[in-house]
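Following this line, the structures themselves.
Shared between the two complexes below is subunit A, which pairs with subunit B and subunit C, respectively.
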Partner chain A sequence: MSSNAARTLTFNVFRHNPRDSATPPRVVAYSLEETPGMTLFIALTRIRETLDPSLSFDFVCRAGVCGSCAMVVNGRPGLACRTLTAQLPAEIRLFPLPGFELIADLSVNTGKWMRGMSERLQAWLHMQEEPDVDALEARMEPAMAEAIYELDRCIECGCCISGCGTAQMRTDFVGAVGMNKIARFRLDPRDARDDADFFDLVGDDTGVFGCMSLLGCHDVCPKQLPLQTQIAYLRRGMARQGLLG
Partner chain B sequence: MKIIHTDVLVIGGGLAGLRTAIGAKRRGLETLILSLVPAKRSHSVAAQGGMQASLANGIKGEGDNEDVHFEDTVRGSDWGCDQHVARMFTHMAPKAVRELAAWGVAWSRVQRGDREVVINGQRVTLTEKEAAHGLITARDFGGTRKWRTCYTSDGTGHAMLYTVSDQVIAESIPVHERMEALALIHDGLRCQGAVVRDMITGELSAYLASATVLATGGYGRIWGISTNALINEGMGAALALETGVARLGNMEAVQFHPTAIVPAGILVTEGCRGDGGLLLDNDGHRFMPDYEPEKKELASRDVVSRRMAEHMRAGKGVKSAYGDHLWLDISNLGAAHIDKNLREVKDICRYFLGIDPVKDPIPVRPTQHYSMGGVRTDHRGESPWLHGLFSCGEAACWDMHGFNRLGGNSVAETVVAGMLVGEYVADFCYSKAGQSDLSPALAREFVERERAGLNALVAKPGSENAVALRARMEQIMTDKVGLFRNGQDLDSAVVELAELLARSRNVGVRASNLDANPELVLAYRLPRMLKIALTVALGAQRRTESRGAHFREDFPARNDRDWLNRTLAFWREGDDLPSLDYEALDVLHMELPPGFRGYGVKNIVEHPDSAVRQAEVDEMLAAKPDRYSRQSALMPFKQLLPARYRARNARLDDTP
Partner chain C sequence: MIPASEKPGPWPARLDLLQSVSGLFLGLFMWLHMLFVSSILLGEEAMWTVARFFEGYFFFGYGLPWLVSLFVAGVFGLFVLHAWLALRKFPAQWRQHRVYWTHMRSLRHEDTTLWFVQVITGFGMFFLAPVHLYLMMTHPELIGPYESADRVWSGMMWPLYLVLLFLVELHGGIGLYRLAVKWGNFSDPASARRKLKRLKWAFTVFFLALGLVTLAAYIKLGIEHAPHVGEPYMPLSSRAAP
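After this line comes the complex of A and B, so read on.
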């Protein structure tokens, strides 16, 4: 922070409690003096502690790894905890992520959505057999382990869903988060499933054929997952499976 | 009032709770998990550097086994741990890492042939064996004699939590998210479940369960600056404390991690130093070898943190607007290594500090990190004072860490404890004691008590400000119950925290809605946090010695003669302070009798039994030919394990 005069920031925050029918959704403005190194986590906490104790939002790790705090910051989905106010104009608009059930204000129920998606896509490793934990582990090529970890880095924050054109139109679309999970398990040699199984899970318009390739997901993913390539690979694999069986 | 019945109620959706739930479910029990947040957001996700397990696959792990891991763990604990539990843990850790490998964790693997690494500031070439290619590799961590820490880049906790959480979904175990337990339902002898608040709707219900498992993590957030997630407020320990019968163990044993960034307090992994990163002072001087010639940056965390603080006190810290700090320099590791194995560290530096650790040193200082203390349990994870109440992971004190935990041993503990406690919970549920009747009338009574408490909070704005009281508590803990402690500060901390607890009864809530309401949440958690803070401060005040992370400047010696014991705390209803009691550690049955750790300052008041036991141990060691028979002669422990987990762990260099 090189500038000497501290800015006064105005946070225009979406407020609504969906269980309180008497109070309509509204935007409330809060003013704060900017301090060095201020993040949206620090700012929102300060608003709650000094201006409005009822303001709801979700932070857990506050370090960019848990995926709790995704929200729409000046029109763009992102992780609030690691967004520095210094990178934003003095007028800041904060809205909850679209595409998820609103809990209150900036808090949305991504957990419920993600669990539903995981159940529907059977997004877990399907073991060929239970391991003998006393024996040496099965071997894996080091490069394969790295490639799997690369796709395993998704933090289920929900940014890709709120940045997705299809997900805004059809609520049953699994989104990039879902397709990336299928790509991750499809890559994994430990998973017992084959393309026929994966086709049953994502081979339709709620899955990989619903994607319009707008790729907002790729642009907003805070972990910079290679969503564009993964969706393309998956679509090609599923098209082949659909055509040739 | 809604009553939900289940066999096993697991409170906490982190690794320990999830793995416990899988174990119980697989034994045919109806199992349900409560979590404050979606399970994958739990604090386990923040474990970066890795998980210790003595697989001995890599060349720098050669010769490693359970015995070496056990000794490192006991030395790390400054002899405060339960050695039987440490043995169970080191035996189980390879099984846990192998189970996770099969379940989906993409552990980093051994690459055959030459690779360049940094050891003690020098570039060195290691040659990995052909036979080890593709097995799980490991990195170096502090306080260990072998490279034993298995990892996936520096996102190990994430990879583990997602894998185990996915298997919970595969097992169709329900996770009731955004649910908070407010009280344990019990009759003074038997725990019967919990009163639970839905944090979205505010609805209160009773969960009646044969077994209740607290897997709620630590209590780091009673300090102002902590590496912990915001949800680690010690609420699980507080629930146990508020029963008046269950006891907490060693609450004063609190770890300060050497390398959290300044000012945000976010952790950068010990893997930075394990992989060859250095600590530098305001002159750019590497100071740790001056203090710790043997282990240097890789002594145990308590020792490195104290040495750093000592160095800053000597005027060698770097001045900043946020107080003094030191530098962690990983630039010597090179961009390729950092991009592959320390990518979260790079992200943290970029987003929170605006620096690139490939070129720039990282500002760090010791920061609250881990709670060795917690709900005191036996080796099965059950409270000896409240049947049917179990605890595991960081929430528990069963007690494998004693007064200092080694890096890589906590994320390992979560899954190991889950594997074991899941079995013991199931055994309990199928036993006669586990099948005793649960009382809906008792549940109703407990729910109504909580309801009355919440209604009272929202009925008045109150004369005290919860935010201000909490800030004062955090400041007291930071200033007076920190890395260096003394009697005078601790006396005043106890007095002032007790005052804050009294004042917290006058906190009210301005917004009167009982559903999603952060002000209400703080109001009901604050007195519980203060009770935990008081338990920590009082334990620290009474313990007039220094052991592991508990360091008393007025009592710098480790006093085995008078203090080789575990603190037990309980809180009688209506009292202003917790009551403390102590259980002695039995030197005459230790496999590794008390001695010098090999790092840190040697300043020990000997226990009279230590020399006696050492002589016995030496004699037994000489008499037995192989390590397994030596071990079982010294301190048999296999009988404590579930039968399914008693087999030996295979290793590459096993002789047929």
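After this line comes the complex of A and C, so read on.
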């Protein structure tokens, strides 16, 4: 680390608890001395421990795996645990992800939204027959397994929904997370559904044809998922299905 | 299972494709159109030749202006179709306007901002483009070096053309870029997008510059020709020998 004097960071944090009428929506400033290797997770924990125990925010894994700490950092959705304060100016604005139900302060209910989306898109493996748990699994080419795993890396953090102008304007839009799920099951040879089935799920303006290619999702995804490629691929497939049946 | 009444059917797919295809045609046509119009920079005879070429003058030996009317009518139809399809994407309610504006200002993300530029330029074209299209459809014979220059200057069309130039070049350039990232299959999407973005800006700057110089040329010609406003251009071939 450099020997420069540590910066004093100012965190302007959105505060509001919708279930408590005594807490109107407001921004509260907290000052904190920066320490080496400080992430937003560390900073928020320190604020809660030393300055304001009432501050609400979500964390589980602290390693960019669980997706619960997504928030809007200086206007851009991202994972707090993976954001180093060293990469940010001394003035830091923290807001909850828009597009999701606010629990309190920086904590939003992404789970409720994700569950609704998953149920609507039937985002689970539809197998032809009940799997025989005693039999060996069918083999899969490593390249195919890799490709499916690549899309399965989605942690449902909600950044793509908050980074998408379309999803912000149209609350029934499934967003990149939804289209990525369809792309993932479309790829999977174990899934018995074909394009006609997937078309029924995303072949309209709440699905892939609602996407306006703003690519905010692609640019803010903390897992660097290939969303531009996947959405274009899905769009071509669904257009073919819609035109030719 | 999804009940049949909730299945999307083929129309959302068709409309999405139609929006893209009509936009692709209109965007590419506007680039060609600018090249044709800028023929005035090569001289009055060059512009006259281009204008008469599209009337079939060099096939039939005489011009058929209704060919141009027919083509303009087709472009007009496509323009209306594209406008209708694109309207589906516009923010309609106040909540949507507010949400998009807040989102755009907070995210500071180029492609998100460019979409809003498309909304504004598209909205502007609803009103300005039909003026020009109707004139061209009803008076295709008035496309010529003096005829056009008179329309630009004495006909007071230059303010409209000046604004329209920016609307068209911004909207079309962004739209064609968006089509590429919307449908394109790239092995390296990040670098492809960077290159496309650079190409898009290069085209926009080139056509804006060409458009401004061309408009200036028509204005200059229009001012010079103002004393004889309404007199058509006579090609070299038909000027009587002394």
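Everything below uses one rule, namely that the second predicted complex is superposed on the first by the 243 of 245 C-alpha atoms of A that agree within 3 Å, B and C clash if a C-alpha of one lies under 4 Å from a C-alpha of the other, contacts with A are read in each partner's own complex, and residues count from 1 in each chain.
Throughout what follows, contacts are C-beta pairs under 8 Å (C-beta built on N, C-alpha and C of every residue); 3 or more make two chains touch, one makes a residue touch a chain.
Because the structure is a prediction, the values reported are computed rather than measured.
After overlaying the two complexes on the shared chain, residue contacts for A:V133 are found with subunit B alone; subunit C is out of touch.
Of the two partner chains placed by the overlay, only subunit B lies in contact with A:L55; subunit C stays clear of it. Once the two complexes are overlaid on the shared chain, A:I103 sits against subunit B while remaining clear of subunit C.
Set against each other, subunit B and subunit C touch different numbers of residues in subunit A, with B touching more.
Contacts of A:G245 after superposition: subunit C is touched, whereas subunit B is not reached.
Judged by the document's definition of touching, no subunit A residue lies at the interface with subunit B and also at the interface with subunit C. Residues of subunit A that touch subunit B in their complex: 17, 19-20, 36-37, 39, 48-50, 53-56, 58-68, 82, 84, 103-104, 107, 109-112, 114-115, 118-119, 122-125, 127, 130-131, 133-142, 145-146, 148-149, 152-153, 155-156, 188, 190. The residues of subunit A lying in touch with subunit C in their complex are 72, 75-76, 98, 163, 165, 168-170, 199-201, 203-205, 207, 209, 211-216, 219-220, 226, 228-229, 232-233, 235-236, 238-239, 241-243, 245.
Residues 37-43, 45-46, 55, 94-99, 101-104, 106-111, 133-137, 152-153, 155, 158-159, 162-163, 166-167, 169-170, 175, 177-178, 200-201, 229-231, 263-264, 266-267, 321, 340, 344, 347-348, 351-352, 354, 467, 509-511, 513, 515-519, 522, 645, 647-652 of subunit B are the ones that touch subunit A when the two sit in their complex. For subunit C in complex with subunit A, the residues that touch the partner chain are 2, 7-8, 10, 12-17, 88-89, 91, 96, 99-100, 103-109, 111-112, 115, 178, 181-186, 189, 193.
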